[in-house]
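Letters are used for the chains, namely A, B and C, taken in the order the chains are written, and counting of residues starts over at 1 for each.
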Amino acid sequence: MNKNGEIAIEAREMDVYYAHFRAVKGINIKFPTRKITALIGPSGCGKSTVLRSFNRMNDLVLVARVQGEVLYRGNNIYGKDVDPVEIRRRIGMVFQKPNPFAKSIYENVAWGARINGYKGNMDELVESSLRQAALWDEVKDKLSQSGYSLSGGQQQRLCIARTIAVKPEIILMDEPTSALDPVATLRIEELIQELKQNYTIIIVTHNMQQAARASDYTAFFNMDEDRAGYLVEYNATNMLFTNPQNEMTEQYITGRFG
Amino acid sequence: MAVQQLETGYPEAEALQRQISQRHRRGLRWRWLFQLSTIVGIVALLALLYNILNQSFGLVAVQNTVDPRVLLEGAKTAVLPGADTAETLADLPKETLVAILAEHISTGLGRRLERDQRFFADQFAFEDPALFAEVCAGAEPPAGCTLEPRDQNNVYELLLERVVAPDVVQSWSLVDSVFRRGAIEEQLRTDYPTAVLEFRSWITADFIVSPQSSTPEFAGVRTAILGSLWVVVITIVFSFPVGVGAAIYLEEYATDNRLNRLIQTNISNLAGVPSIIYGMLGLAIFVRAMETFTSGAALGVITDDTTANGRTILSAGLTLGLLILPLIIINAQEAIRAVPRSLRQAGFALGATQWQTIWHHVLPSAMPGILTGTILAISRAIGETAPLVVVGASTFITLDPSGPFSKFTTLPIQIYQWTARPQAEFRNIAAAAIVVLLILLLSLNATAVVMRNRYATKTA
Amino acid sequence: MTRHVLERELRQLQDEILRLGSEVEENLGVAVEALRRRDMVRARQLIQADEWINQRRIQIGMRGLSLIATQQPFASDMRQIAAMIEIAGELERIHDYVKGIAKINLQIDEVYYLEPLIALYPQMAVKTQEMLRGALDAFVNRDAVLARQIPAADDVVDDLYKSAYRVIVRYAAQTPTAVEMANQIEWAGHNLERSADRVINICEWIIYMVTGVFAELDSEYETPPLTM
């Protein structure tokens, strides 16, 4: 797949443990640059765990441990001298529920830039980020209002805007529309298609239609009898959804289990 | 609703109605029970208020040691200047008032009064001029050496206090004063024919600004209020940052190991330790062990080494700080824990460090909750008596506290002492002091609530 | 996802296809038989039946589309529905050929030389019917192997058609007054030959439905030489 395309991030023989429980085993996967890759699979298959391994968000769970390698720009992000703070600035994340800060819309976007020492024109950065997140026209007259004053879908786009503001290369999205209504969901999906031009996007979703609609590649995860998640099938989205090669994928996407 | 009778396994028709109304009745009984508990609480609160207010206001029988009219007559007889035209004592000129005063008080008291503040600029009423000059030249000249002489009003009040000396011979509660007026007047005529019946509010502006005194009529709570405020300030300054800091550490940094669990359990248990134990702790640590520090000696701020010891506002504040520290920690922990994880994750995901996330997002979101907990804890500190008694609050002090190294008393201690006095009037001023304490507590709480709400609306 | 609804619908759709298929198969034989016997009543019935077949095909298509809209099927479910819609279309077109044969029956005159010219048509019809039955079997049993074997029979149909073609052309060459008629009769044979090709299309869809891969099962069909 995507033979001539670059690889944005790659996992090699990655295992994730929570204390003694192996949540994810033997993940080998490459994510092509400037493409949307969807991770799907039944609940508990470890797809969110895999996603969180790519910007070391698992570090926040004290008992979590990652083995194997995650290569970003040729370096293992779990290497000894790698600071997760830098990784997270380059690999941003959007979460399941919109979680704007208890600050103004402007500050929501500007904060990340400020703590990361952004030297340029802050107003311009805020505007361009909000524009990229397709939110500017809706909020340009109320930048000083609280982020909470927005609707759920707007809040999620605000969260995307603040992620864009720190200029990451990769944006990880953990079920970004699961708390939104269908219209807001479609807007986010459209937005993701736009963002693809500049960012590599990896999105976890348990909405198969969304994965089918919005992604270029789809990876299907499942768990074995020890409840350890593993990668079952990874293919171009149109291939995976019309003619899955693995029986388990077929059963999952046709709703026979999961 | 007459529905077709089907065998559903559930009551239908009339049986259904009966069953439903029975369920409603059962719910109603519980509702009454809960209402009753609320009423009990309200009644208890009202009883407390009634008790306090009943004592704070009421009729008093005032009997002067020397009748002012007698004094006026005496002045007229002695043909003192201005006496012939005066209708009351207050009308008399200063010289005449001083003369009457000189006649009725001892020379010793007169000298002391004159050293506090002279009566005339050009002459002495009690003091020997040579001696006065010598005292004034001494190491510690009294206030009278430099102050302007007393005016007529000042002397008049001295006369009232020292000579006329109105004394409350009996006081009645508010309810008695209103409903048994006749009986009270009757009793007054038989018991104290010379006394005058007057309605008195024991809470007055004077009561609040006057220092402690051994006569209830002149006693006030200024020293106690200032003492309470000083102690509370020290308590807040100590326990708020320490408590919130500990809470941040335990919630955000501490790993889940045996030691931290032990610490956590102990903090929870400490919140339930009786306050007197904290008093013992404060006595041992702050008053005794750290005396050089808590007395101010280490910082060289005290003037009199002989009376300086660790029984200071600082010790008291720190002791109360220790007392409410577990409360503040536990409350702050809960407030911090209530901040959604998603907010922290959002911070981290943007490349923030842990401290940036805590400082910019976790703390502001937790602050309303932390403040609420702190308000409750401080209210408890303001009302505490036992540990302060152990730490050594002064029982009788007329000097305003001037800083963390002063001797002190606090409102609850003042109240406690006054209730223990034999004279009935002390009970009245104790009640008045309780009202002051309540108002102080309420206003502190109100300030904090306003602060918290402002914070909450700003961040939300 | 409620597979219950989806499965029930798929089953019903499959039954519809089978009914449609067996009717088309039967009518194919009937059309040739009616041509041979010059049975105008039967021919008219077939033309009427085509209207009904068209309706049923549209119904199957609509049901399939609404299943896609409401159940959002993926993978084999999706392929089944797509295949069934396509198969229904192919069946309908086969029946168009059946109707074409019936129309030719109505148009041609009572001529004495008809019998030898259409002598091979019943055989072609039987072979095509066999292919169609086989395809429907493969469809029901999701049998890709069988579906792959069926196109071989098309060669037989093609050969028969070529033989019939040669007979007709020769006759037309000898009898210039019969050219118009011969052309009509030849067209009926062409319809039969095309029907067999449509069965191959059905087989292709069955293979796609089962394996997810679309295979071109081209027969050796060539355009008959246009030698007059």
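Here is the rule we go by: a residue touches a chain if its C-beta (ideal position, glycine included) is under 8 Å from a C-beta of that chain, and two chains touch if they have at least 3 such contacts.
All figures in this text were calculated on a predicted structure; none of them were measured in a lab.
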item	value
Interface with more contacting C-beta pairs, comparing A-B to A-C	A-B
Per-chain Cα centre nearest the global Cα centre, belonging to chain	A
Chain separated most widely from chain C, comparing mean CA positions	B
Whole-Å separation of chain centres (CA-atom averages), chain B against chain C	103
Between chain A and chain B, centroid-to-centroid distance (C-alpha), Å	58
For chain A paired with chain C, centre-to-centre distance based on mean C-alpha positions, whole Å	51
Touching residues on chain B, where the partner in the complex is chain A	255-256, 340, 342-353, 356, 360-361, 364-365, 459-460
Residues on chain A engaged by chain B in the complex (per definition of touch)	55, 57, 60, 62, 85-86, 88-90, 92-95, 97, 99-103, 111-112, 115-116, 146, 148, 159, 162-163, 166
Chain A to chain C touching residues, read off their complex	208-209, 212, 241-244, 249-250, 253-256
Chain A partner contacts - residues on chain C that touch it in the complex	1-3, 6, 72-79, 211-213
